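Presented sequentially are two complexes of chain A, the first with chain B as partner and the second with chain C.
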Partner chain A sequence: MTSFFDVLIGGVFHACVLFLVAAGLQLVFGVQRIVNLACGSFYALGAYFGITAVNWAGAHGAPPWAFLPVLLLAGVLLAVIGPLIELLLRTVYKRDEAFQLLLTFALVLMFQDVLRFFWGANPQQLGNLSMTYGKVTLGEVSFPTYNVLVMAASLAIAVVLGLFLQRTRYGRILRATAENREMSEALGADVRWIYTTVFTLGTLLGTLGGALVVPTAAASLDMPVELVVEAFAVVVIGGLGSMRGALVGALIVGLTRAAAISFYAELEVLAIYVIVIVILVLRPAGLFGKPIE
Partner chain B sequence: MSGFAAAAIVVLAALPYVAPPYYVTLVLPAFAYAIALLGFNLLFGTTGLLSFGHALFVAIGAYGAAVLSSRMGVRSLEVILLASALAAVLAALPVALLSVRYVRIFFGILTLAFGMLFHSFLFKFYDLTGGDTGIRVLRPTLLGLDFKALDKTQFLTGPFYYACLVLAVVLGFVMWRIVHSPFGLQLAALRENPRKAEYLGVRVRLFRLIAFLISAFYCAIGGVILAVNTGQADPELAYWTHSGELVFMTVLGGFASFFGPVIGAFTFIFLKSELMGLTEYWRFFLGAILAIIVIAFPRGLMGLVKDGWTMLTGRARKPTETVIEPTVIKRTAIEQ
Partner chain C sequence: MKRTRRSVLKTLGTAGAALAAQPYLGFPAFAQNRPLRVGIIAPKAGIAGTIGECGLRGTQFAVERINAGGGIAGRKVELVVEEETNPKDSIERLRKLVLQDKVDCVQGVVSSGVSLAMGAVAEEMKALLIFWDGTTQDGVKETMPNPHYVFRSTDNECEAVMASLLAIKYWKGKFATIAGINPDYSYGRNNFAAFQALLKKFGIEVKVVAEQWPKVGTLDLTSHVAALKAAKPDLIFSSLLFADLPIFMKTAHGAGLMDGNAKFAFPAAGFQHTLLKKEFTPEGMVFGHNTLYFDVANPTPLQKSFVQEYEAKYKDYPNWEADRAYFAMEVYKAGVEAAYKAKNAWPSIDDVIGAMEGVKVQSLGGPGQMRKDHIAEQTFYQGLTTHKNRFDFATLGQVEKMYSDQLQKPAGVDFWKWIETAQIKL
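After this line comes the complex of A and B, so read on.
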């Protein structure tokens, strides 16, 4: 039973972080039709910057309990790179998908060395700060309270994002633009501005995910490319462009990974990608995606 | 065009006698990628399908060479090439059967998924594949000769170099014939307008499938050369970033032109080696170059050369060549 709960908690925690990145990916794909390979780079950037921010705050006398707000703030601040990168992407909106994909691949290569330049090639860690908030004990199993806080934060973000997209005026405009760009432009929506905000929001979700995960995992230069592999699996399982899909896909990937790691570690990524291929064969549009062709 | 190709072959054949061994060994991976990309571009440039997982087949070639030479005692390069390439075609069959049902971004994601599947198999199943260190590749024999008198560099820059040159020329010629055959023209037709091509009797999925299998064959040959050159087959060869590099090289040289991928392979290899010598941050500059190519010169180096040639001579391209030039740089008005 203990191992079952370990898998469950570990899996859901991982799923919550994955959801943030995948939601960013979905938002950008849904509205801008760009598959952003650099989402993993934003995530890693959030992680590294989070470490720096917490260390800086610690050195300036911030109490240890303040590190979660500091991480959140670091993730939010980093989103300023979003509009800058969107300016670059603007040059290829009218081009074939192959070129858009390649441009984000170029960003992956460049970010790899930006990280190396600022933080060096060695993996970095935040010590065991995640224990600052103590532990939660449920029967026989116990886990850091921090993990619960991250899950709560991620869930809160999911709810806010859902309300924003479904209930607000701007959310409706975003969804209309995702549905039909020309029509919403004709009806007076400022599509240029929408693209900037959407991409910034997508970036924000990525950097926030990275900042929140870093107390529990080391930040390394492999982080961006490894995360893309999982985030891709999430969006394909859930269906490209669907927020609900991102949530369900993240849970499937997170739980599968946690189960594979604890029972048969060889199957970690393999199991995830077997699911991806089965889904693509049976339901090419994913669980919640719109049918293709 | 054939004049340029002949001149290039003569220069490459003379290279081991004039250039220092370091540069000669650099040409070997360039040969490998040139062959792999000629196949890759049949799928990308000619058929219009962007695969983000073709490193899978390069890795199959490399691991084929590794398993055959160090586990099964097969040392003949000819046998290794043929067996690895056939293995890649066999592996490509199920992948292609599933993937060619889709186009555009879904095709790219599905191929990426298969590539990652194979990578994690190579990476995690230590007993079978040697895990992250991979498997050693032993020196092969050429036409039954084992060249015992030569040391490693002499072998690579001597007999093996010429074997690769011959392979590149022969496979390049075969690909030229494929692209310019009725089959190749039908591939180009179904890229431009699949529905219309289907009305005209092109068997769209079958043709995409065949193009996929041929590209896997070429990629595996490239993989064998890469592995023999480094003496090692490792899982990184199958990673998605390596697939990305294949696309990078193709676009760098120019995917719209037959020789573009070859130019791209040579340019990329030398650029990367020079940059690595200059700075620790070579990835940044490679990424920046890719971004500039994508934004400003989508037709790659060959596109630049062609535009320059047209400006100098005032002569437009021959109409026969325009048939092969894809129009995919701009999104079509009707989203398929």
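After this line comes the complex of A and C, so read on.
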């Protein structure tokens, strides 16, 4: 039983990280119809910027317990790059999807050099800060309190995002724009502003995810590509453009990976992509996506 | 002085005679004036970036000392540094160093994947190449049994052999189940296999309860740690060595993997030693610093001055890649100078190679030599970790020192046969 909970927690933790990135990807695609490959770069930027912010705060006398608010603030502040990138994306909204993909892929490569320029090529870490809040122990199962906070933050973001999209007036406008941009525009919605806010929100999910996760891992130049590959598995399983799909897809990928590592470590990647292929064959739109017309 | 026809002819005649005699004089002017150019190929980025950087600092230290002492056989040393990336691009840089920069010797390389491919090219190009690390082996199988131009480091498995011997020495009879978490390439796989082969050799029956093979650069090891914890092993053996190692230690500590009585053997942990903070690195684990332990008691004056200079300059403490790089430069220096002395003239590349075979040098971590089959022998340091020190990271409390002739196969012998038949002392 103890083993089961250890594996379960490992899987859920990974799923929470994946959810944050996949949610940004889904939100942007759902409303703007752009597959934003650069979401992984926002995640990496959040991680690097989070390290810089924590080190800066530490050097200016901030106590160790304050690093979590510092990381949150760093993730939020960094989302200011969202509107700037969105300005660039405006040039390809009406172009073919291939152009959009190429442009966001170019952004991935450019951001890699931006990271290299500002932070160097070597992986960066935050020492033992993740242990500042101690451990949670339940019988023989124990895990860092910080990991629980990351999982809670991820869950809270999922709930707030769901409520925002379903229950608020602006959320309804966003969904209406996602359904039919022209009609929404004809009814008076400021689509240009909506696109800017949606893209900024998508960016925020990535930067916040990166900043929150970095104390338990490391920031490296390979992060963006590695994460995007997994995020795409989440999106295919959950359904492109569906927030519920992002949550369920992330849980399926995270738990499958954890189970594969426990039972037969060599099957870690294979197990995930078997599910992806099954979904693509039997339910091409994903578990919660709309059927492709 | 009045210039006459006779004096001009005399000057020309003297110059002509000098030029004609040049091959027999032994140290032509150009050889003594032009610096010796040494090409360095080392990783500067990615997971091995910090390791390459440390090696480069070892080389720079060696070159500063050499140049301050008058150079190699009177010629100053000049470095031309190139980046080690994937095998294909790294080989292109080797070609550039040899053909365009016209270096006299190439040193460096950390990755076995690169060295495997580069060794054959260097032989073909007749370029003198001394590897810092990595090997020219496919796993433990020698791919270049009789190299002429290529010299390489000690077998990568030396680290695993020493850690295995120490684990057996300290804990024989105290473990019945083992687990491994090792990088998913030949280094990790061979190290874990070597550990099991040595357990068998010493009659220790164990059950392998978990094997984890995270791919290099995996930065979320939560599920791997959960799997290890679920298997409840008595001993965990890990050859993790890059940025993933501190993450593993933090995750393992957070998950309570280190709270029980499990024992840990980490043969290559020294590459990340300053990142392995006391808060999450247990005491009493077998920890490999290998060919350079920066905090050894009674260090040689050479090591002492290097560590002091390194600390002052970089606010850090060196790992064993600095020693590998220093060793490579010293072997080259000793080879050139011995060949020069024997010939009383500037030596050819073959003269240098001949002189390097069997040469003994003092490296940063202790004495070493280059075997006749072009494989290095060096001094290794491993031991049990302690928190009783002036640093914020774990160091060695109990230090064991072994010479690599006890840790690696002799020339021409199969690695697994050697483990079976060697007279290995604990």
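As a convention for this text, the second predicted complex is superposed on the first by the 293 of 293 C-alpha atoms of A that agree within 3 Å, B and C clash if a C-alpha of one lies under 4 Å from a C-alpha of the other, contacts with A are read in each partner's own complex, and residues count from 1 in each chain.
Keep in mind that, in the parts below, a residue touches a chain if its C-beta (ideal position, glycine included) is under 8 Å from a C-beta of that chain, and two chains touch if they have at least 3 such contacts.
Fair warning: this is a prediction, and the values are worked out from it, not measured in the lab.
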| item | value |
| --- | --- |
| Overlay on chain A: chain C relative to chain B, clash or fit | fit |
| Which of chain B and chain C A:281 touches, first, second, both or neither | first |
| Touched partner set for A:13, first chain B, second chain C, both or neither | second |
| First, second, both or neither for A:216, with chain B first and chain C second | second |
| Partner chain in contact with A:116 - chain B first, chain C second, else both or neither | both |
| First (chain B), second (chain C), both or neither touched by A:95 | first |
| Touching partner for A:265 - first (chain B), second (chain C), both, neither | both |
| Three-chain overlay, vertex chain A: chain B-chain C angle, C-alpha, nearest 10 degrees | 70 |
| First, second, both or neither for A:57, with chain B first and chain C second | neither |
| Gap in Å between nearest CA atoms once chain C and chain B share a frame through chain A | 5 |
| Contacts on chain A seen with chain B and repeated with chain C across the two complexes | 116, 265-266 |
| Complex interface listing, chain A residues touching chain B | 35, 37, 88, 91-92, 94-99, 101-103, 105-114, 116-117, 225, 228-229, 232-233, 236, 240, 265-270, 273-274, 276-277, 280-281, 284, 292-293 |
| Chain C-touching residues of chain A, taken from the complex the two chains share | 2-3, 6-7, 9-11, 13-14, 17, 116, 120-123, 125, 127-128, 130-131, 135, 137, 140-144, 146-147, 216-218, 220-223, 226, 257-258, 261-262, 265-266 |
| Residues on chain B engaged by chain A in the complex (per definition of touch) | 44, 50, 52, 98, 101-106, 108-110, 112-114, 116-117, 119-121, 123-125, 239-241, 244, 247-248, 251, 280-284, 286-288, 290-291, 294-295, 298, 328-331, 336 |
| Partner chain A, residues of chain C touching it in the complex | 44-47, 49-50, 53, 211-214, 217, 219-220, 222-227, 229-231, 243, 246-247, 250-251, 253-256, 259, 275, 277, 279-280 |
